[in-house]
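Take a look at this one; I'll ask things after.
Chain IDs A, B, C and D follow the sequence of writing; residue 1 opens each chain.
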Amino acid sequence: MPRTGVFICHCGTNIAGTVDIDKTVEASRNFPGVVHADEYRYLCSEMGQDIITKAIKENDLDRVVVGTCSPRMHENTFRKAAAEAGLNPYLLEVANIREHCSWVHKDMEEATPKAIALLRAAAAKAALNEALEAPRLDVEKRALVIGGGIAGIQAALDIAEAGYEVDIVEKDPSIGGRMAQLEKTFPTLDCSACILTPKMVEAAQHPNINLLTYSEVDEVKGFVGQFDVKIRQKARYVDPVKCTGCGICWEKCPSKAPSEFEMGLSKRKSIYVPFAQAVPMVPVIDRDSCLYFRKGRCQICEKECPPQAIDYEQQDEIIERRYGAIVVATGFDQLDPTIYGEYGYGQHPDILTGLEFERIFNASGPTGGKVVKLSDGKPPKKVVFIQCIGSRDKARGMNYCSKICCMYTAKQAILLKEKVPDAKSYVFYIDVRTGGKGYEEFQRRAAEEHDVAYMRGQVGKIFPEDDHLVVRGIDSLTNRNIEIKADMVVLAAATVARGDAPELGRLVGINSDSYHFFNEAHPKLKPVETHTAGIFIAGACQAPKDIPETVSQASAAAVKAIGLLSKEKLQGEACTAEVIQSDCSGCLNCEAICPYTAITPVEIEERYKDGVLKRTVAEVNPALCQGCGSCAVTCRSGSINLKGFSNDQIMAEVDAICLQR
Amino acid sequence: MSAALNETAGGWEPLIVSFCCNWCSYAGGDLAGTSRMSYPVNVKVIRVPCSGRMNPMFVLRAFQRGADGVLVAGCHPGDCHYTSGNYQSRRRLSAFKRLVEFAGFEPERFEVRWISSSEGDKFAEEMTSITEKIKALGPNRKMRDARWQSVTSKV
Amino acid sequence: MTTETGKSRLIEDMKMHSGQDPNGCYQCGKCSAACPVSAALDLKPHQVLRYLQMGLENELAESKTPWVCASCFTCAARCPRDIDLARVMEGLRLSILRNRGGNKFGPAELTPEQLEKLPQQALVSGFRKYNK
Amino acid sequence: MAERNVESVNKVREAVSQDLLGGRIDLLLGWEKGHYWWQSRPLFARSEADLEKLAWDSFCAVNLSRYLLEELKDHDKVGVLVKGCDARAFNRLLQDNMVRREQVILYGLPCPGMLDYNRLVEKAGGAPLEITEENGRVIIKVGSGEQEAQRDDLLLDKCKDCRYPDPAVYDQLLFSPQGEKEVTERFKTVEELEEMSAEERFGYWEKELSRCLRCYACRQACPFCSCRECFVEQENPRWQGRAYQPSENFMFHLVRAYHGTGRCIDCGECERSCPVDIPLQELNRKLIKDINELYGDYEAGLDPEQEPPLLTYRPDDPAAFSEK
């Protein structure tokens, strides 16, 4: 019979407030196998853990049940305390009498019997716990960064600096991401390319960093320390080794297509690099618009290319590599404001989103840096900025605040004043949110020194009239309706998750919230980790954020990855499946459904009458098994069992929990 | 026999056993706790690593031991920490639910729900709704193991 | 006139009739910006929501806005907080009507013969509307 | 069927004796006449003399593939006569890795359907002495004379709803195939039970299952029950009490049926071998009907390569519960 010790935590008043601690301790004394019961105000504290360690030694307990908060919170803390007393940590069981009892049931009369029932179940399970050892797994000393924007580049640089190999997988032909599309960055107004390009070059030249551009992740298998990843390197039809980036091919190329980098505002050639400072400076051929691939004609690029780097026969290449850690930094998209008919986006060339307006400022942008109306090429006199397009909108948009729009609108208003001195800016806002370092001062400069009229209120309707746009808004401070005959309207559209984020999440094995932003392991304490060990997230793919925050998250994710890669061995999952080979009939249904291919057939010999019988049975590789337990259910005879959540333990829990109301 | 039922002073109170998957639904329950939501005390949660770990025999065992309702909660398809646990349990528990209904259990007795770790409110809602439905249905006598109840109610 | 819990009777009635909760509004003013009859309103729609939030029932009772509102739903279609302002205005109109002048009549004022002849349904809805 | 019977038995014996006596197989599983004239029980033929007793008539209902589980431990190569359902039972064992294909020679027998002795007794109004069969009609000799009936009316339940009389897998096919049969009433009883209310259904099954004396004949006869130690006999955990009382009977039969999800070949041996005539096949058929409805038609045992429904999934599978 096990010698079980039950320890109940007050958790200050969190538990003691609605659960009668003394009655629970008394009731615990007569659970089967319980020889010691105690309670303390804060069991997770130093003092509390000492009480447990001391009690284990004094009463030579071989099982411990702790009635406290959720096992997801402090199971490890108490397991360490048990280990200190020389008890195998897996002989300890936690009963969740806080989140699942005292916090959700206000009446002590009701909450106490429930707490007792939960403790009885935990004691019944603990009695059947076995001492377990977590397998030690080796760690592949290489990291994978998915996404080549500033987040991916920064994370890769930090990991590479720590001496580990890093592969960056970037979907576009060049790294740089969203930041490459910006003209200036707030709050310092320094030129985006000037601070980004050196980082891109540094990443390209860093010996430990391997750039896989124009590539996508096809498949991720395995688990922390041993991720087996298939990367599809799409065919560029240009040999990166030979190509010198001289640019003759995209000069001579006759056919054009809308440029994704310029948000479709201008065209690019069929063989192209997305922007002038592209890294690597190797073009790709866009099959859909290239005359050769569409009609088998032209081939000018092949003829004109000095180093003969064009190769039309190039095929997609699948690279298979193993990684110890993965950082997902896939960035964000901007909401398409066509869902708001009242703003008329998409029906008039002078109604733009913030990112499109940013391109107009850019020297290599569609208007060569001259700020002019796309309709008639004249400089705008009146520009209206409208905030919260799709953000803070429960009805048709995103219910969250996109955090960066107030700042980039102020920045664009300042840039407009510098480029077109007699232009007048109006900003319709609900609340200006500029909380970062130096942000408020920057925004006030826009309002005070650059003559930007901030109007507190939304815009209800925009429609073209003669050669300008009528903007109908309101100033809710004076309660006056306002009508502006604007030359140009800039919509601060919401930051939204990438369209393919759910797909990538499912592929990599991390889940996302209802807006498809990836879920962090803990909003406050683990912002860059995910629920899947070994996979970290950084930047706008986790939630809207600005560059400073993105860079700090990137470095945080890098440190988490480095912490993982620096380990000699990793502790694997202790609660793994195990086959009782004498019972196993060899049907191998378990092998068919195991998501981690951790189960393999093996030949065994058994005594049978006077001879020996050879037969096949299943065998679990504890290093691969992640403990999901699906095999234990598909096995009809229960010959494969999951340690830590075994059949008899769960049956004992059901019996105990149904016993006392 | 009726004394052995879950009789309490205020009249019959249903017993609901809920198997929650550790990564999503159990965490959803934790969130319901941290957000101080409330749901009936009749529900008692047993943590399993994944809804794929749910052996239908645990459900029948609960009914035998006097449970009036069983709720299995797992991650939304596509969110499973083990990639395919809930895909498999969706088929298994769908077939099993139809079988127990065929054997005479009311559909409300055994239910399955997908509850994510960010749906604390849904967790509380589902626990409240199953308790009310079972309260309306009345105690479950089907598959109740009379011997076990009378033996143990003295303890 | 406030209810026992110190809330304004007019506003509570409005909420009950319209099923809309004015607290959802964060005063972005988009309704007033788009309202076609905004010029003719003494209180712009977003102001009506603010007065409801502040409980200024007398100003609401005197305001012309609920009666000028043409229920064209331009505001409701645009509200980012999903508040149906058209129903708010309708609720406001109903509660203003019903609270004006307090009790019209109750069961005590009716003679037995009248109670005899009048259809039950009319009596009950009458009491509900005009008997506060 | 009688004269054709003698001729057909000789055809079978001849096909089999070459292999048995030639040493290609060390055991042949067939049928022999049992204690009563209306009984054909399994024959374990090892020699010429055993083959004499071979029988192939309208009472060979026993599923021979099930015996392979034991016999293949002692014999390297076994021959077995397989009707439609026996062949699908063999595929079941193959898919569960209980047998290796090269260990077994299958002699295919397209099956005309086996007769139900109780129906003979009912039709004859007394204990029948003997029957003769000609082109689809059965003449029953009974003390006071003769009765005649359509053969199809006297079939066993499991043969009435049989869609695949021809063996799905065989090495030699001894007779010409009968072709797939049109079956309309396979789920009739299931649908009738589904119409009932929950209380009525529970009443129905409580009455039926209360007769179960847990002799486990159904498990012994079943091709998909191939566990080395059945969950009912396990002690740790003790899934199942030993007493036969309502909750334990329900537990055993519901769990056994659930274990057959996507694996039961609907051969009806469980119902036929149940000494107290519990309609066990309806539980399995309910699961077959639901799997067909939810996850696409699947006929267990027809094609061993096809993935069984519970061992695979599709991300957009429907569910029998609300997924809101």
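As a convention for this text, contacts are C-beta pairs under 8 Å (C-beta built on N, C-alpha and C of every residue); 3 or more make two chains touch, one makes a residue touch a chain.
Given the structure is predicted, the values throughout are model-derived calculations rather than measurements.
Chemist: On a CA-centroid basis, which chain has its centre farthest from subunit A's?
Modeler: Centre of mass proxy via C-alpha means gives D as farthest from subunit A.
Chemist: When I count C-beta pairs in contact, which pair ends up with more: A-C or A-B?
Modeler: Per the contact counts, A-B leads.
Chemist: Measure off the straight-line distance from the CA centroid of subunit B to the CA centroid of subunit C, and report it in whole Å.
Modeler: Measuring from centre to centre gives 45 Å for this pair.
Chemist: Just give me the whole-number Å value for how far the CA centre of subunit A lies from that of subunit C.
Modeler: Result: the chain centres lie 47 Å from each other.
Chemist: Counting in whole Å, what is the centre-to-centre distance of subunit A and subunit B, each centre being its mean C-alpha position?
Modeler: The separation of the two C-alpha centroids amounts to 32 Å.
Chemist: I'd like to verify one number: the distance from the centre of subunit B to the centre of subunit D, where each centre is the average of its C-alpha atoms, in whole angstrom.
Modeler: 37
Chemist: I need the residues of subunit C touching at least two other chains; which ones are they?
Modeler: Counting only residues that touch two or more other chains, subunit C contributes none.
Chemist: Using the touch rule from the top of the page, what residues of subunit D touch 2 or more other chains?
Modeler: Expected reply: 231, 239, 310.
Chemist: Do you know which subunit A residues sit against two or more other chains?
Modeler: 593, 634, 647, 651
Chemist: Considering only which chains touch which, label the overall pattern as line, ring, star, complete or other.
Modeler: other
Chemist: Considering only the defined contacts, which subunit A positions touch subunit D in the complex?
Modeler: So the residues of subunit A touching subunit D come out as 582-589, 592-593, 608, 613, 616, 634, 636-639, 647-648, 651-652.
Chemist: Residues of subunit B touching subunit A in their complex?
Modeler: Checking each residue of subunit B against subunit A gives 6, 8, 13, 15, 17, 22-23, 26-27, 29-30, 32-34, 36-39, 41, 44-50, 52-58, 61-62, 65-67, 75, 78-79, 81-85, 88-89, 92, 116-118, 124, 152, 155.
Chemist: Taking the touch rule as given, give the residues of subunit D at its contact with subunit A in the complex, in rising order.
Modeler: Listed in rising order, the residues are 73, 96-98, 226-231, 234, 236-239, 259, 310-312.
Chemist: So in the complex, the part of subunit D that touches subunit B is made up of which residues?
Modeler: So the residues of subunit D in touch with subunit B come to 190, 193-194, 198-199, 201-206, 231, 239, 241, 243, 245-248, 250-251, 254-255, 257-258, 261-262, 283, 286-287, 290-291, 294-295, 309-310, 313-315, 317-323.
Chemist: Which stretch or stretches of subunit A touch subunit B in the complex?
Modeler: 70-73, 96, 98-100, 103-107, 110-111, 113-114, 117-118, 121, 502, 506, 509, 511, 513-514, 519, 531-532, 575, 593, 595-596, 626-630, 632-634, 642, 645, 647, 650-651, 653-655, 657-659, 661
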